[in-house]
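Worksheet: the structure to be examined is printed underneath.
Letters A, B, C, D, E and F name the chains as they come in the text, with residue numbers starting at 1 for each one.
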């Protein structure tokens, strides 16, 4: 077939594909606003890691007394600039806002003021992961390359933005960690100190989950909702529907804990279980014995 | 050790490593043909996303009436060009084909003619995901950053190429989504309208699976084969061996449904279960109670 | 707010963030040493793939008799150069070593001398994966794009470096595969011939696991520790604590096998089970029947 | 010297270097406005070349009847987008303008409306260069890689922006050609049809030069000012001060023609001469004979 | 103005710009064939420099006995692959050739067989430049960063392709040097041993120039044609029309030597002169005295 | 021809090309030392421009009081790091030095201490160029895009390194400007305040040239040596051999001033002249009248 006929054949599809009013595509909105940029969000996380863990992810000078402040200042200004742009775009993503620049600037500053607290929390997480894994040889190794640490870093950052009601952006930040680690923690989840995840692939932690201090989760654990709660119009209601995990709880691999139930403090939940009722403090739960056919 | 001796020491390994006839490497074919390019496949998916969801992943002008057609034409021509090359390489990947250019060109056009249908199906998927997740704030958010949506997008594209018997390429497309989302749907699976996945990490859907409309799966669900069926030569037969899931079925996290069994319509399957027998319509299946030691 | 006030507001955080002696950050070491480079490790794996599977991931000439040796030599020298640098940085990562260059050079050569053995083992893995998946159309497809094959490739490479006591680097190599495939095999695990993984997302294999020949694992399987063994100071001991899997064992999806127990040869373990006791040879284990409410 | 002292030593220079009020730096303005981007200007020229010469610098499809319009539309929209930004930044470069966006948009459209005329002029230049160089094998070769053609292309584009009083940007466009070809034509010069330059390195054509049709210049020719004309404050006045070259004039290599003089039509000016007086039509000027010592 | 009207306004230019039959654009061919790639040509030159001057432009190992051959083989294969493609595209650039692949392959091999001779000639050029410049501190400096050496390197490479009648490509290679150095030597020029250029900007050497051994040129020297020789149809004839420069001639800056004249051996030509008649051997030519007004 | 024979044919050239002892290549040293990196030198100049002209070539914040010091510190540390490496490599380029790191570090600091002086000199150059060009609309335009300013910037930086006896690097820095502007000023030239170049292509200024204040040069001017001065071994001596140009001298286009002569203050030298004898102060020199045939 000659090239001209080929092109014509291909372009015949244009009309159908751009028939934006077609009922066929009714659930695909025509997106006529700026979107936040995945690439810029990645850059933000890169710079934040340099601020929070000097020397690990950038030049050595970050961790030297004489130059540490210079680097920190430069990184903070960079983060501000990047965040400003992405918060601005996020504010417009789902709404008809205009002139969101001022608001974005204030939110970016507010976030930056939270960084020292985030760093303090992450310090406890690093220790909790290190303590719980005999295979870890140092805190440095945990901070440098453990996926569980990466996931909680992203979530703690996203959680602050979520609390400031920034749309879409927090989700993008946790999704980035989800992609790299297979760990899916919603930005809305409230998580205490000394939180640790081991291995982690397949972990899901829902939006309204509340987690105490010194909690430890293994791969494949779900802290989810049990069912949808619909309002009178049949639309699912965004109400507290995920579990409350008290202090010092450990949950082993592939177990699902579902609904607004409470796992009492100091409990140990075995693997591969399906839990939909609250559990008393100090419980030890395990699967019924398997069958040898 | 001086540099020259070092190099000699290293290069001593060359002979052993290039002894292609060695019995040691008997299962590693010597690949003397072009391979499709992972990078080009990524580009194809980027451009397809711009065609299918104007304004989300490219410049705003894609979604403006005055320029939408211009962009769509440009993107379609680009997709054709990229696909032609990759289909051509794929046709050669496992065989001794020659002169596959004409065939590749016809297949690329055939695929492009399917795009409007793919878009219509994805429209229903976006809605199904949105309806099922109280944490989702808009259809736009689902399309822009939900991993479940990304996985089904890749599979629906790959499935059309699979039906046209293009080798290797469909698999590369679903593998790309697998890498990013942890969701592994075989290009061969037949999937109905309004399909939804929540969280999704760890989901596996096998090659001969058949899924009805309005089906919903949670993270860690396996729709797999129960065992291998060997022919008289001991080679596994590629026969229907994965489940049939009827309309309106929901399957919760980490459950495995295995073998050519049928889950009847409107059934709800709880989490962490191992199912190897068919299930009646309207069933509610759950794990036996856990034990509190 | 004018730009100058804004900058001042942002930079106010510098002092708190660089107060390295603060008790708040007590578990975050100040990292004043070079780190190995994630990007360089990715390059190393790219070149190794070209050495091990000529023609698949580089130019066709790699697989032609007349030029194969030329390419192999070039790649080996490149790998040496990259490895030397990364091993050197790794040796310093957690210690106060000086002058590790000589040692790094010797270790890099030692690793390269193992490549032919690694290739021979991977040859058996490719065959095992191919044999077990009716959906695979050729050995080439397995080598080119199966995530299970990618995971075992990274582990076998990392395992050799682990045996040579190179710090951090082996972990980075398996983490890279973990990120892309969701399969998390510790570099310390000892794995026999003809090892196969199907789908694989969510698989976890612990540091002291020992796996025989012809073992097959499905997605979500955990070969883990049952609990921590603390020494008199309350610090977890790095002792054998993961399972021993004998020859010809198959373990289906989402099952957890925990503790220093033994799964006897020729056993088949069903999916979604939690196993903490040894299993006799030739056993067939499955979950108790689910309940239809 | 230890690292900390070193850093201190280096940073001691900061105060002196940022003493912006110092009399030492009195002629270096503190630039607190956006600048146009050299990289974006390069992109603009790349796209313009695709619009003006379909098939030479982009994909073949640009030159096929079925797709040429699609490409042209896409390129025009791209040029508009890029130009809008750069004109906007240019309007601010030297002034205190605010809200220049609207003006920039109007100017960008105005420029685009000139493109067809620019193309028509360049068509004559290609022919003039081709006719005058026996070494040229085709018009295609001239358009594809002749530096003289590149220089006049940049000047004709810059000249239209210059006429619209866009600051700085026109100069950047001719400077780009100057860098690549050594040919320095001011954006202000008025140049007739069928203009040709051979080799060209070292050619300088001043701001108020007027050149007729069918004029031909060789390398090293200067069409410059003879001297500065100062106003009462001693500031050079931007008045007509460069030559007028009439139709059908040829000027050979390294000759300088200086001042507001006129070279009459059909004249041939030899090389290496210094001319500061007008020349009659039909003249043949040459250097005095050289001396053999 | 709203965005839609704007786009319409812009796109109105499409018809005029794509009216390929318009008489206005009569000298701009519609280019419907592949073009050689500027970027690939740059790559070719990069690799050639590594082959010809081991250790200067690539890794040190290129210059070590144990690995030099390995590198050279790899580079030669790379050059072949790149050249094959570019020669193929060049053969099609101006003609209706089909199936030029075989021919391109043969030409690429033929060129590679010339490389050792090219290297030998360049060895003499390096020495000539070094000897003539008191500011040069070593032969290494000349090879590493002297523009005159770069220019003659490109010309000698291009000249071999020119002699093999490869179209367009030789010109692209010398144009690349012209852009970087301001030295414009036609690929057709025949140049003897020990050729040296000092500074070089503005030098022009025409297509049919013949240059002996030990010739030295300074910046701004033109070896050009005196006039066009038209055939009966008024088309310039490509006949010998540039000078013959005999052995041991030096020509100083900015002098033009024009026409098929001969500069006799051992002559020294001063700067800023215009020469159109042959010069006897052993002459010393200079400009007439300047005037002090 | 089949691929294998082809490769063999190509590789036959390896022996000849790597016969490093061959007399044919006698003037091409085998370079077994690190070379400074062209790319790193470009980076150094980019950062220096940000330090010297805040706001022009980087983010606006560089020029704001609140952040200027932060940026300056960051840039100085970056320059130090880059320079250290390149000076180190330069010290080894031609010699057998070992342990040059300490010396390189001291030299880098010494250079950085000169930056404020360089900035002060460049401030006068910007003003001189601006005053002399009626086409310049502001000092900002001169600093942002005038080639003459770029050339003197590179030379003043290179000159300081030259004075510190750093080999090869100064030359690379001026060569970079030469490539972009066609202006070739040797790093050794001593140049006074308020130096200006207009257009500039083709200008050559030799190693031992001495230039006073307020000197102005036009395109194509050569300040060169008249001849080589050989020592008893026939090797050219690196002695003062270029002109001395006194204060307030202007030299017009394409004129060559050669030898260790002096052009007296306040002189004006016309274009296209060849001067080999000293010129009195206050002279006005011009070419003899041209001839009208």
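Methods note: contacts are C-beta pairs under 8 Å (C-beta built on N, C-alpha and C of every residue); 3 or more make two chains touch, one makes a residue touch a chain.
Here the structure is a predicted model, which is why all the values come from computation and not from measurement.
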{"item": "Touching both chain A and chain D (chains)", "value": "B, F"}
{"item": "Interface residue identity across copies chain B, chain C - same or different by half", "value": "different"}
{"item": "Superposing rotation of chain C relative to chain E, computed on C-alpha atoms, to nearest 5°", "value": "180"}
{"item": "Greatest separation from chain E - chain, by CA centre", "value": "A"}
{"item": "Centroid distance [mean C-alpha coordinates] between chain F and chain B, Å", "value": "58"}
{"item": "Euclidean distance of C-alpha centroids - chain A vs chain F, Å", "value": "53"}
{"item": "Centroid spacing, where centroids are CA-atom means, of chain E and chain F in whole angstrom", "value": "24"}
{"item": "Touching two or more other chains - residues of chain A", "value": "7, 11, 61, 64, 67, 70, 73, 77, 182, 201-202, 220, 254, 270, 272-273, 286-288"}
{"item": "Those chain pairs that satisfy the touch definition", "value": "A-B, A-C, A-D, A-F, B-C, B-D, B-E, C-E, C-F, D-E, D-F, E-F"}
{"item": "Complex contact set, residues of chain F against chain A", "value": "59, 61, 67, 70-71, 73-74, 77, 81"}
{"item": "Interfacial residue positions of chain E with respect to chain B in the complex", "value": "3-5, 7-8, 11, 61, 64-67, 70"}
{"item": "Chain E-touching residues of chain D, taken from the complex the two chains share", "value": "51-57, 60, 63-64, 68-69, 72-73, 76-77, 80, 105, 109, 112-113, 115-116, 119-120, 122-124, 126-127, 130-135, 137-141, 143-145, 147, 180-182, 199, 201-202, 218-220, 252-254, 270-273, 286-293"}
{"item": "Chain C contact footprint on chain B (complex, rising order)", "value": "1, 6-7, 9-11, 13-18, 20, 24-35, 93-94, 167-168, 171-172, 175, 178-179, 182, 184, 186, 188, 201-202, 204, 206-207, 220, 222, 224-225, 228-229, 236-239, 241, 254-256, 258, 270, 272-275, 279, 283-288"}
